[in-house]
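As written, the chain order gives the labels A, B, C and D, with residue 1 at the start of each chain.
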Amino acid sequence: MNDWGMQRTALGERVTAGQRYAKGKIVPILSLPAFMEAVIRTGDRVCLEGDNQKQADILASALAELDPREVCDLHMVQSGVVLPAHLDVFEKGIARRLDFSYSGPQSGRIARMLFGRKIELGAVHTYLELFARYFIDLTPQVALIAAVSADKDGNLYTGPNTEDTPIVVEATSYKNGLVVAQVTEIVDKVPRVDIPGDLVHFVVEAGKPFYVEPLFTRDPAAITETQILTAMLAIKGIYAPYGVRRLNHGIGFNTAAIELLLPTYGERLGLKGKVCTHFALNPHPTLIPAIESGWVEQVHCFGSEVGMEDYVAARPDIFFTGPDGSLRSNRAFCQMAGLYACDMFIGSTLQIDLKGHSSTVTTNRIAGFGGAPNMGSDPRGRRHPSEPWLKAGAEAAPDSSPALRRGRKLVVQIGETFGDRNVPLFVEHLDALELARELELDLAPVMVYSDDVTHIVTEEGIANLLLCRNSDEREQAIRGVAGYTDIGRARDLKMVERLRERGVVRRPEDLGIDPLDADRRLLAARSIKDLMLASGGLYRPPGRFRNW
Amino acid sequence: MTTVRADAASLSWYEASARQRIDALIDRGSFDEFIGPEQRETSPHLSIFDLPEQFDDGIVIGRGHLDASSVLVAAQEGRFMGGALGEVHGAKLTGLLRAARKLKEDVLILFDTGGVRLQEANAGELAIAEIMRAVIEVRRAGIKVIGLIGGRAGCYGGGSLIAGTCSNLIISEQGRISVSGPEVIETNKGVEEFDSRDRALVWRTMGGKHRYLIGGADMFVDDAALAFREAAIAALQLDRRCDLAVLAAEQERLERRLKRFGHARDAVEVWQSMGIEKPAEIPGLPAEEFLRRAADKRENADDAR
Amino acid sequence: MEKLSFKLDAPIRAGGSRKQAIVGVVASGNLEVLLERASPSDVCTIDVATAAHGFGTVWEAVLRDFVARRAAGGLRISVNDGGARPDTVALRLAQGVRMIEEPEA
Amino acid sequence: MTLDDILAGLFPSGIDIKRAGTEVAGRATLSDAGPIHLLGITQGSPVGVDEAIALARRVIEIIKSGDRAPILLLVDSASQLMSRRDELLGLNEYLAHLAKVLLLAEAEGHRTVGLLYGGSAAGAFIATALAAGTLVALPTAHPVVMDLPSMARVTKLPIEVLKAKAETTPVFAPGLDNMVRTGGVHFVWSEGEPLSAQLAAVLARPAGDDERDRLGAARGGRRKAAEIADRVAAIAMRSCTEPHDD
């Protein structure tokens, strides 16, 4: 007779083991080390919550303090490898295998450890892929998550930074996995139930908030004239003609410039209500002026942003908020929205090759993907039409039958031809290829594939790759906006001029834009202080961004 | 008399270059530069360090009209070597002040400086001493020396001492006045003494609002060139001396400050003991509301500077 | 510092009557450009002092495009560069030409 | 030389001096004529708001006395006190105030002579020694505007490289010789000669305009400052079409 409840039995054993250190569901912080050793078993698949924003930092440290003689060979399945403790568990031999999505600040160390074979890599995923695999073949046996508060029954309030928590809990708890939450405090009644207590086995009162990185704050003071020029080109050359209303922005300064130009330059072009009305976007502080001047109708968020909590709570017509009034973010749903409900993704990158592949990998760094490849890709399963989607599809295949023609999502790469320290944006070969060779990866870590990208915007102009009919045209269109980089200077001048006549390459003057008009005075806010004032004092930026 | 308005609408003082500030401050088209960039009077010392030079060595000096009165103007460029004073930079200002004394023309100094330029530290230090002496000599001749502070580099080091000799100081929230910079204090005394990355701390300790409240500056303006211009016009109307009575009054003023606030650990405590309502809100307030709360509570340095 | 000098044919003569113009500041990633009148009117001379070594060919490409596109004939241009990127260089040069063409006050 | 040795050498007929912490203040009689006021900051101590205001108070009292007697300012200090409290309270005003009252004293007829016998640095140096009408130094003095380790940190150059550069120019490196060559110190006294006579010689010189930039030019340590300042003044005078009568 088969035992169909072995997982449930195993969960029961873990819960019993954990209860020795708990009072009901509450684990005192002083008992955390012993508790962790009791509930985590050698070989477990563990999801440690943490992405590019929030971190279950107390539980991460506790995990890294386990004795590898007692617990080892863990398989970590987690969105972000961000905190030093995330890699300490491998350094100390507690964990062995890793499947992840984003590494950010640990990108250098993770590369060194991969080279040193300290980590057995499953794969680098996008967020959405990793979430998907939680339900298929990477289901966690233990999830270590973070919330703002809990009641004694384990009901959790995750607050504005809900982010990954619901999907992690869903995948773990309903499949006989153990869910342990760190919370700032235990309360009698949580402000709203984000995670039902039935799904949560234990709660640790950390006594301090979980760590959140203000990743999406861009100081308008640092936006350059060249970035403003690229923003003007994007607005006038792409947003306007395609009528892009539903979109996602990356986190770079170019897109921050776009957000800040909407109420000024965009207004002057008469685009209000015609573009940028619906976003899948974190609450970017630089979006405040556009929201305040009535450009934006709705924003759904992957996560929150430090300091934006009160502002978001005061704008429930724009943001998704709970009955307690604060933001409800959800990374999985927002990724889905970005993939299927947006007509455009626009973001910056570090390298673009002659085919149009782009990557944020530089030698010796593995930053992971996060969500950008999902945002920056054409969803082949999309079936609903929209004006920009149809127009892009028509440009790509003008001769095909309209009723059978797929539309295209606009995937726009925007940047200056030279980045920090004069490093060129355009390269012959992506560093990602070299990295893949050295690490013996099957795939080079490409952020946006050539066949997904539709436009490249630099201060030199816009290359519309939808209009290119062969690989030569594509290469020359890219060279045509590559400026004074080696790639740009090697362009075929005549061919680029022909492409320009066809509108494949459009220079600022072709769009009626004088580069000399790219002035910081066009920005609706020129400092973090301006953003704070524009929010009516509701935006409370972290200390490091203040100059008052 | 009709006011000649400068073309200054919406120009941020903090962001503007030295030349843009002068253009916005002075009556349109009235500026006459002395030893302009075409003279190429660059620092003779930067090449020792293989560092780039600037044709005006980071300071623009000359004469212009402010609301139709002739004034001598000096503007430091805070982005070139942090606006730091070197030999040529300093001597241009010294010469301007010496001329002011002879010509009896008021002087505006648009500060934007980290202090002494370390690649020519001795020359810079002496320039500061010479400038301070020249300021006092100018003031004793009945001429006003007005400092305007609101640039990126702030007004640090020796620059802050020069500011301390001026007859009148106009400051914006962005302006900072301090002898030792945040990084210098942190490097020498540790992060416990001063966390230079805590920018809110930097501003509340050294920034324009605090300086205005304790009497370290006389006029508080928005970060807009036009606001600086209007304040400068107003400051030119004031009568300011530099004699025993004034400095004895300053002695009293500074002694009183030590008695009142000498035990405070933080600016908010200082503001609290001044009787400012809701002192913790001060950094976030727009200028108008700040001025309302500061009125009658702030320490006044008129006739005691 | 690296010093570069160029004497380029400049088909479009600089307009306006100002004797000189200056834009930009010398800072990291930035530059100052001083423009003065000089003869002959179909030539532009450009002297560059740059903190970034080894970018001579990029400078030449930027400057050639500049004299071809903008009214730079009859100008003597002097540049102090703090390691600016080509886009910033091109922008400052264009701003300089615009400024020297502005009507005198 | 210790401070006591220096005072004994300066005033063989004795002095009346009070010491409070690192500050000294008092009076003495010059060998050939009248009284002289003494004050100073000693023991290489930093100058903060408390030190500056105490020294300034003493200077104001002297000016108020109306005796027009010379003031000898003895300086052996560190830099300004680097502290959050002092900056919170507006250290720049206190240091500038000290410099101002010293300059006022000179203008009101008191000769002010700074005697740098130890260290001094940065803002403290400007507010004390460099605010005197005449600055003299003993050979043991060691003024520092910017110390080489700090310079090395900021310029990212090794100290050895900085030392080599310092051989070629007096313009940046610390030390008395460099301060003399750039014109900051008028005279370096000889320890072998009677200090009283050397002081008498300084006091015998008439008070005059700031001549430090000229000294720097003459000594080859600061070649441009005086010329530039003169040129600016000349241009300003020449271009002044409508000088104010005031």
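Keep this in mind: a contact is a pair of C-beta atoms (placed from the backbone, for glycine too) under 8 Å apart; a residue touches a chain by one contact, two chains touch by 3 or more.
The model shown is predicted, which means the values in this text are computed figures rather than measured ones.
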Select the chain at the greatest separation from subunit D, using centres from the mean of Cα atoms.
A
Please tell me whether B-C or A-C has the greater number of C-beta pairs in contact.
B-C
Which chain has its Cα centroid closest to the overall Cα centroid?
B
Centroid distance [mean C-alpha coordinates] between subunit C and subunit B, Å:
33
Taking each chain's centre as the mean position of its Cα atoms, how many Å separate subunit A from subunit C?
41
Distance between the CA centroids of subunit A and subunit B (whole Å) is 43
Interface hub residues of subunit C, defined as touching at least two other chains
none
By the touch definition up top, name every chain pair that qualifies.
A-B, A-C, B-C, B-D
Enumerate the contact residues on subunit B facing subunit D in the complex.
32, 34-35, 41, 44-45, 48-49, 61, 63, 70, 72, 87-88, 90-92, 94-96, 98-100, 102-105, 116, 118-130, 132-134, 136-137, 140, 142-143, 157-158, 160-165, 177-180, 184-185, 187-189, 193-194, 205-206, 210-211, 214-216, 242-244, 247-248, 250-251, 254-255, 257-258, 261-262, 264-267, 270
Can you list the residues on subunit A that touch subunit C in the complex?
224-226, 416-418, 422, 459, 483-484, 489, 515-516, 518
Listed in rising order, subunit C residues that touch subunit A in their complex are 52, 55, 57-58, 61-62, 83, 85-88, 90-91, 94-95, 98
Would you pull the subunit B residues touching subunit A in the complex into a rising list?
10-12, 14-15, 173-174, 197-201, 203, 207, 209, 283-284, 286
For subunit B, which residues are in contact with subunit C within the complex?
17-19, 28-30, 36-38, 40, 47, 50-55, 77, 79-80
